[in-house]
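Shared chain: chain A. Partners: chain B in the first complex, chain C in the second.
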Partner chain A sequence: MVIVKRKELSLAEKLYLPEVLRGLSVTFRKMFEPKVTRQYPEEPLPKTEVTRGQPRLVVNEDDAIACVSCGLCEAACPAYAITIDGGETDRAIEREPKRFDIDMLRCILCGFCEEACPKDAIYMSDELELADYSREALIYDIEKLKRPKAALQKRIDYVNRINKRWQTPSST
Partner chain B sequence: MSTVQRTGVDDETRTKRTFEYAPGVVDRDDPLHGELLELNMGPQHPATHGVLRIQVLLDGENMVKVEPDVGYLHRGKEKTCESLGWRKFFVHTDRLDYLQPLMNNCAYALALEQLGGIQVPERGQTIRVLLMELSRIMAHLIYLGTTSIDLGAVTMFFFTFSEREKIYALLDAYTGHRMNNTYIRIGGVYADVEEHAEREIRAWLAQFPRKIDEFETMLTGNRIWYDRNRNVGILTPQMCKDWSLTGPNLRASGVEWDLRKQQPYSGYEHYEFEVPVGTIGDCYDRYAVRIEEMRQSVRLAEQALDRLARTRGAEFLADDRRYVLPPKSTVHTSMEELIHQFKIVTDMSLPKGEAYHAVEASKGELGFFVASDGTSHPLRCHIRAPGLMNVQAIPVLAEGRLFSDMVSIIGSLDFVMGEVDR
Partner chain C sequence: MVKITVNGRVVDADPTKPLIKACHDNDVDVPMYCYHPGLSPVGSCRICQVEVKQGEAPGRVVVACRTQPAEGMVVDTESPKAHATRRECLEFLLKNHPLDCPICDKAGECDLQDFTYEEGQAQGRSHEPRRPLEKRKSLGEVIVLDEERCILCSRCVRFFEEVPKKAQLTVSDLGSRSVISTFMDRPLSGNYQGNIADLCPVGALTLKKFRFQARVWNLVKMASTCVECSRGCSIQVETLRGSDVKRFRPRPNEQVNGWWMCDHGRFAFDHANAAGRLEGARMLEGTQLVQTPIEEALCAVRDALMGSKGGLVVLSPFCTVEEGRALRELAQRHQAEIAYVSPPPSALKDELLHTGDPCPNRRGLEELGIRGEAGETLTARLAAAKVGLIAGERVVELLGPERVRELPGTLALFAFECHPVASRALRAEVGIANHVERTGTVVNVDGIRGPLAAAKPAPRGVRALERHLQDLARLSPRRETAVR
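Let's turn to the complex of A and B:
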């Protein structure tokens, strides 16, 4: 336990004027320190693979979407931003989404969809800017969400890295 | 609260001090004396720190009656928890006290872990302590900045905000978001702290005590700060008990009560730190206690970093397939793990029962009471938000005083409406 001091003012501090000068000296010193202001749109924020931006769908090397429309991201989404309609396909994975909409105005970028996805099909990209003229335009469909795997590779590597726990599967 | 120890001033001196300073001297020759004015302070007033409306009945400059009106930011969080389910509510805890999202995450996770009997590995606990102490510093910086800008010290606001910005940059680089981190999971944390993040946090912590000295240069000996905070809004320990005030407000009144010491959680019993307490319990003491708390938080965070360096590579998530998502690589190869993945995401249920867990948040005791009927959705989730109790203390402190003291009192009690209204 430490009892905090209650400082009593000295005469110089009571007179106030010397203290104004002392305070101004701190302010004056600050003038010569490097500026911390960021000119935002021209000078964007640093983005790393850790940055959780808007979710995007992975398109594999064979130009096919990795999603099999299992609906787990839809179930995991706390903002109810994802809507999926599943359908059959002739490809080897048999299923793919007929409709995959993410309402970007609802999305809170929590990353639960990425965490839930069992097929590594949805990842948080580093795209953060979101602006448009209408609400409808911000409901992104498959075409707007598709990204080649190479564009998301850094994030995929990061997710794989943080998932390197429990090398042996548990018996529970 | 059997272990409460009283320190500093005895009751007699305390009462004497209270009446030494006589603010409510009514000038009876004033022609306007006796004419009462009803004034609405807020909900858009910048000094009410959010959307708080305070109805003040004024007799000249004296406040006769003060009535805080809360609820402008009510979003029904507790009810939302019942419909969302256990896991999805994490994102909503971020938005309670939005100045310290990680602290809220931790409090909620600890309540669920108590209910489910989940053991968090040591490294997970250490990461949580580190994040909680960083959030405490962040929240106290906001207190300092906003209170001083309300009392006219605009420069301080920029000083504290530039420091806070640096923590935000660290959290951005490490948890992925600046605010609303959603980083804590049941059984541990989302990802491990990487070595470069540890280094950066350590570098920031090393320079921060100098910054606190700088803040003190600006405020501690400042006559205006001194006059507007000294002997204003005196809280006695009895008043704190009556109005269930906790945290720095209680400690400033001279009661040594810190949940990190009294009911240690997340391994706080292994850390060395001091609990700062005040003597009188006025706005100045509350300021001094928070300044000292920031210094102690730096100490705690440094110890947590040392522990992280010792346990590098260890588990940071509990190995419990009922509540913790399996690692992704195993989901692709093992049928059982895939079932676990689906089961946890869609239908994670906690055992039947009730649990209450409280943490020492920056504003006081932040507790989550959760009741489960054994299904995937909570029966009830109650949030004991310290801010609400702090708001309740405004009339007690403000009535009978000058209107200009209101700003100091509101600032020093420190609350966030996101958590008060929830």
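Let's turn to the complex of A and C:
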């Protein structure tokens, strides 16, 4: 059996008041310092060109989708989130997606699709929010994925800059 | 047979066949575009060049498809000299080949793509623009030609000259302006056009029906047999995401179809993909057909067959040997008569492959002792019978839907069909799997057995006929003779 001998408290300690005041002093000091917390839904997260959000499809200036449904992103996707069905179009490119679904619940935002794309048609946007009332609503179809090129330009420029770093002199 | 050395290995080679065949037979990979084992060699693409030494002379680079093996030949397919020559040829072939693999249907099964990848030539040295040609040239009902992609191997030209023996394509114009075209720009005709899309080593000739339908690496391929005529061509069933059959393609089989198949069989997948399937089982209650458990419907079939002497079992000629045998046993067990529907020959008969007989397993059923009768005779016999059982894919279609509808109410008709049966006599119907959803064997006109493969799952609640018949046998009391 162990007998714990407690410390004898002084009067100031017995009153608790000095300690309460000390604690409150911290509270009052912090009230006047700059805030570090963020009011998240009202105040959006900071986004930079490096932000790798959800993948989005590029729509060129002529209102035509850049995707030709080659299926390389589908093949590269490690989470099997992408499903594509191709079809014929009258445009010179001949082929365009008739169905392009990304299951956002499956998507792990890895960016392999962006890397695989030979037509610069899919980019990781800076959109990160993902919430809905059903799972079905989070399988995004082609209309939900389309973005004008201008909206993705920041990321496109970033990817192009990074890609240049890896290019050998002969391949330019 | 002569003895030659291929990459340091002594092998037997047939001197009447080109050297490339000896290489391929011995698992030595030699690239090829213009050579095809089913066509005569021309040596126009020059990609199959290998180094050959004979006697004391220094090694020479020759095209393997136009060289005949000779005794003592020493072949090296991987020598630096051979590689360098092949790479140069490849560079010329790629000179005008557009970089449109992302939209090309051949990507993934393209010989040019594979070999370019193998050789690792990532960058071209050419500065001139590629020649612009027509990208979407229709060659009739089946084929669309992309002139830019064509490498002028002339396989398609030789195919029409040598296999259906009716030349329809030619290389027109000269030099760098050469293109494949039909005579006088007439559309292609005949029942064998689809083969040139398989033959084409690049994506120049593609099928209109398969155009942009699927990426080939997403297709699940199963070896099966065509059921459109009694030739029973060996085919490959290719399905996308376990649901739709996207194409049938011939599988090389020298005994039956060589490398080819007819367009009639090639495009017969609409039937395999047809919607409105009969799922589970339905039984007549009052005047309405209602969904019932399969077991109950099978019991009804058993009870009806047991209660009557002299029922009639009618098979579809699409039934496999296994199904035929099970149905014959069922008929014997209940002293019922058995016959299969034998539709009249079609007008598609030709000298090459199509036999004109639409029954894929006629020989297999005949070997089981089941006789074929015309649809009219069989419906007449059914109308006179008390109990009738019709079983198999498309059996109603072959009996005549009108005649089946008008069968009298005195007959108790039971059906195993893929699609709902409309008949006044119908008592119960059970859904069965079609020819791309079940396994089995069919025997072709020459007695060669071909397998059916389950390339895709059957719809929910649908099982193969064989499974239903097994259950039916389990439910039926055994014959007394079998008990001993």
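By our rule, the second predicted complex is superposed on the first by the 130 of 172 C-alpha atoms of A that agree within 3 Å, B and C clash if a C-alpha of one lies under 4 Å from a C-alpha of the other, contacts with A are read in each partner's own complex, and residues count from 1 in each chain.
FYI, a contact is a pair of C-beta atoms (placed from the backbone, for glycine too) under 8 Å apart; a residue touches a chain by one contact, two chains touch by 3 or more.
What you are looking at is a predicted structure, and each value in this text was computed from that prediction instead of being measured.
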{"item": "Touched partner set for A:Leu21, first chain B, second chain C, both or neither", "value": "neither"}
{"item": "Which of chain B and chain C A:Ile93 touches, first, second, both or neither", "value": "second"}
{"item": "Touching partner for A:Val68 - first (chain B), second (chain C), both, neither", "value": "second"}
{"item": "Touching partner for A:Pro118 - first (chain B), second (chain C), both, neither", "value": "both"}
{"item": "Which superposed partner A:Ala131 touches (first chain B, second chain C, both, neither)", "value": "neither"}
{"item": "Which superposed partner A:Val36 touches (first chain B, second chain C, both, neither)", "value": "first"}
{"item": "Which of chain B and chain C A:Lys5 touches, first, second, both or neither", "value": "first"}
{"item": "Contact residues common to both interfaces of chain A (with chain B and with chain C)", "value": "72, 75, 118, 170"}
{"item": "Of chain A, residues touching chain B in the complex", "value": "1-7, 9-10, 13-14, 16, 19, 22-23, 26-27, 36, 45-46, 48, 50-52, 72, 75-79, 108-112, 115-116, 118, 120, 124, 159-160, 162-166, 169-170, 172"}
{"item": "Complex contacts: residues of chain B adjacent to chain A", "value": "5, 7-8, 84, 87-92, 155, 162, 165, 172-177, 180, 182, 190-192, 214, 217-218, 220-223, 226, 252, 256, 274-280, 284-285, 288-289, 291-292, 315-317, 319-322, 325-332, 334, 336-338, 341-342, 345-346"}
{"item": "Contact footprint of chain A on chain C as seen in their complex", "value": "101-103, 107, 122-123, 135-136, 211-215, 217-218, 241"}
{"item": "Residues of chain A touching chain C in the complex", "value": "68-72, 74-75, 83, 85-88, 92-95, 118-119, 170-171"}
